[in-house]
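Notes for the one structure printed next.
So that you can tell them apart, the chains are marked A, B, C and D in the order they are listed, and the count of residues begins at 1 in each.
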């Protein structure tokens, strides 16, 4: 991976305070294991929208996989398949969903940035394509109407290669911004209502940090919420996702599942997020590093390590199923 | 910029604890963005004493601009003009206000240190000059009756060049102290009352950290208060300005606007100060670095970056105007 | 000691957060000495299961002593004898208990990992041997049903020498895991009841961090509890032992003694653990370093230093006996 | 100064946690200045046992001044005289009080370690000498019945030169310990009562960290209390002196003055100690560095800097006298 691409992927916004908080907040949570529990048979599987996932870790939508591997998102999908994980394909994918879909035996979702009025024709067509190729869900990213202050990739002089195709974001002029994220500035709750009316697929709203937005999302007919701060890449000094997760979970109740991304690096992090109410978590950077170093087997290996650590965390804390992971896992101070 | 001048500008007093706190206290505040707000049209402007500023960032009074640029404060004024910001000219200016005034299309203020009894003749004359050349406001600095322990610039053997003219502080003997700040030791509330009686210009009291002093300032007829710790250059271990801002705002109510300087480096810092009650903020060192590196365009570029980051912070937190920036922007922990 | 062995011994699990917390939590406790107490005669001895120990520090069970000294656990036993401390022999001992027993004049205990159903024949035989050679107590380790994420020794490519004999854990295939810890996954409270029924020796349950498990242990007829997180080597981000000690002591009351290991490095640490309710503490890594550098005299020297520091802590805090070490020793904040 | 002597002086006990806390606790206290106060005339003087000191900083008793200057304590006394500060001569002085007394125009005190039964003959004689040469007060050090764990000077192989004379601690065998502090182990409240009965000089008890000991000291007829942790050199992890000062002051009320040493390095530290109830403070290491580098003028310069910073702190916080330094100087958080 070229240095500039690494800086683009690894970096966060501005002073990278949120990037740091995402990790520190997980590390600060202490676990309370129980002992002498019979843990010969444990079950890490979880149900999500009627499907059972082998373990509660998904591949988050991330942009431009061909920056780090020549096969791009198709290779990632193969890794997701081998690693038994659901892959959320980004709108900034460098491969077509027809090819991605064929590469995985696992369910997969598609992520959308800009769902504004101007894009309705494009989106209508896209939804038809997604249905045709068997997409299992949609993720609407709400926290990036403009691109954050990506000072670190600016300093590394990162820019997208001119010949990098992004079939679901074709406008190369707009892409000339750092990172090439679309600037919509105008997706609104009304746009979300329109999208909801156009598809029967499960839709998750991603980028929620405020409990009031979580309530609005449920009211808007969302099927799930993803507590996310865009990996610390958008507005710096927003809180760690694990910090606000309990408020969002409390606001949403049991009406829809709440997922979380941001800083998940260890099996114990997965357990902590579940203990505080998440149904599952997503990882981003870790699988991109796996993809870069080892292609699909690299992606699968990252998933295997995290799954193994999660199983270990269950056993070492004396829990056998996800139902047994509740707040009692966390030390109250 | 010579190393010693850099140490003089960048340094704080004694162990630079307040200097550090000014930054840490901003960084510790977490933001709570809202999503899916229509942010196509935002407005960053703010009203101050009947004038509308394009965005809520002013250039704080800082000494001796000819240390870093041959044109001194005149060049700064050109940058303020290009960057659409109000410039507060220091009593330790190395250029005359007649020349500074001509260089900017923006409103500008003048700052006074010592308003003691001995200086009344000088001040009376100065007020006439300021009126004649169109000065729009006065700032009285209250937190520097003596110069702080500038150990860092002492270690760098900083001293003012003998030929550096300071038309509003002509006594070169007194200037032989480090940094050349005047030692008055005697400006009092009575002196402020005298100044109030001599001018119709808006007067702001700068250097207030205590809510009781803020109340006294309002009672003394001040038009505004600037919460400041002199950039951590006077008494070390006084609190970060953002830490005491809420107490001062609470004490003052809506009677006069409260401004703040000290540690503002990011658009998110501007938003946090406003969320805690500031009408606007001032920056010091950043624009001096801009002036040193790039003259007026350098000053303008610093303002442009901060303005852009502030706009980005508005959009990414789902706020469209300054009126929408209230305490709800900050995460309560 | 080879570098890889050092990494295996010194390292903790995963990100070594618990390893760090074990030390930080001791360091954060402040002491409140009293002055002008007559401390000419002090007494550091403590009673445990009918025997009097010279001072409240034991040698914790640690694996594979022949990794660091050719005589292995026999040499450690000689050091324990010289240093007047009780030695807890690990199930992963590289020497036989017959030889270890002969090498010390002090009481000694034996530690068990896996007490599952499959091992009952082996354990029955082992208990007979232990009785025959004069073992004075048993420790059941409950916090390691699987081996933790030993990333640090993995990175150092640590592996056990093929010819390293472990008479109480003979299965070399299983040993091929990092560190060679047995994977049982199935010791339960029922297994503990079986063990309790088979021996009259005092049994301590080691690895307890939760007060509910402490209560269950008392109910299961345990003679003592060892608050331990396996030296931060099993599940990362479990709390420091000194952090949870007070809860465990409160839950257990005076029914059985509570011991602690994890991070004890200074005489003041020993005093802090006793002040918060521990009867005695165990050290692990420090005596392995002594064994590595100086054999039995090295072990004895480590004990002598800690004993001397503990005496010094008593004198400098104005306490003469262990009975005088109570909560008043710790500053409440 | 030889490196080993530097390590002996600069170092603290064990892990130097208390040494660090002494500084950190001062730095963590934030000041609340007032502005526009008339500070043309300020008064830093303070009354102590009927004498007026020019400013509230004393020279603490420290051992073996000939380690750092050939003239030893006589040179220090000259510096105290030039710097207008009271000097507390240590029992481990390398010069006789007759010579020290002649070298200063300021009041001076003498410090005692061991006041046990065995030393009564020696002490009776010493008290006569002290009276004869005009000693103005006594300090009994209570926190060092044995020497702390001076790991840092051990590592530097520090030892006292054989020919270093210590007229008030003549036993060279005992001195062979690190630092040569006497080991008494037996000074008690009864011994203090004996001392009280033998002299009319003011006696201060030094080394008090517990409010109950402070009360006992008042009851024992002490004229003052010095809150001290022996510069972090005795029992590690005892609290910073400024942390426990308020409790001691509260326990003592206005019955006797409370002094403090430990970590005072800045004029703001002096102000903070006074704000929390100290009548005055003592410094140790700083003046030894001054003595080492510059003899008596070095000692005087250290005092001058601290006095200047204290005056600056008064002016910059809008206080004119020590009576105006109360709790309102400190920010409550």
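Keep this in mind: a contact is a pair of C-beta atoms (placed from the backbone, for glycine too) under 8 Å apart; a residue touches a chain by one contact, two chains touch by 3 or more.
Quick caveat, the model's predicted, so the values are computed rather than measured.
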Review point. Where each step is a move between two chains that touch, what is the least number of such steps from chain B to chain C?
Key: 2
Check your understanding: Which chains contact both chain B and chain D?
Key -> none
Revision key, fill the gap. Per mean C-alpha coordinates, the chain lying farthest from chain A is D
Exercise for review: Would you kindly state whether over half or under half of the residue numbers at the chain C/chain D interface are used by both copies, giving same or different?
Suggested key: different
Check your understanding: What angle of turn lays chain A on top of chain C when you fit their CA atoms, given in steps of 5 degrees?
Key -> 90
Check your understanding: Distance-wise, how many Å sit between the C-alpha centres of chain A and chain B, to the nearest whole number?
Key -> 43
Review point. Hey, how far is the Cα centre of chain A from the one of chain D, in Å?
Key: 60
Study note, to complete from the structure: Expected list for chain B, residues touching two or more other chains, is none
Study note, to complete from the structure: Here the pairs of chains that touch are A-B, A-C, B-D, C-D
**Study point:** Residues on chain C engaged by chain D in the complex (per definition of touch)
**Key:** 27, 29-40, 266-268, 309, 312-313, 315-317, 331
Point to revise | In the complex, chain C residues that touch chain A | key: 14-15, 17, 21, 142-146, 148-149, 185-189, 191-192, 205, 207-210, 212-213, 216, 234-239, 243-244
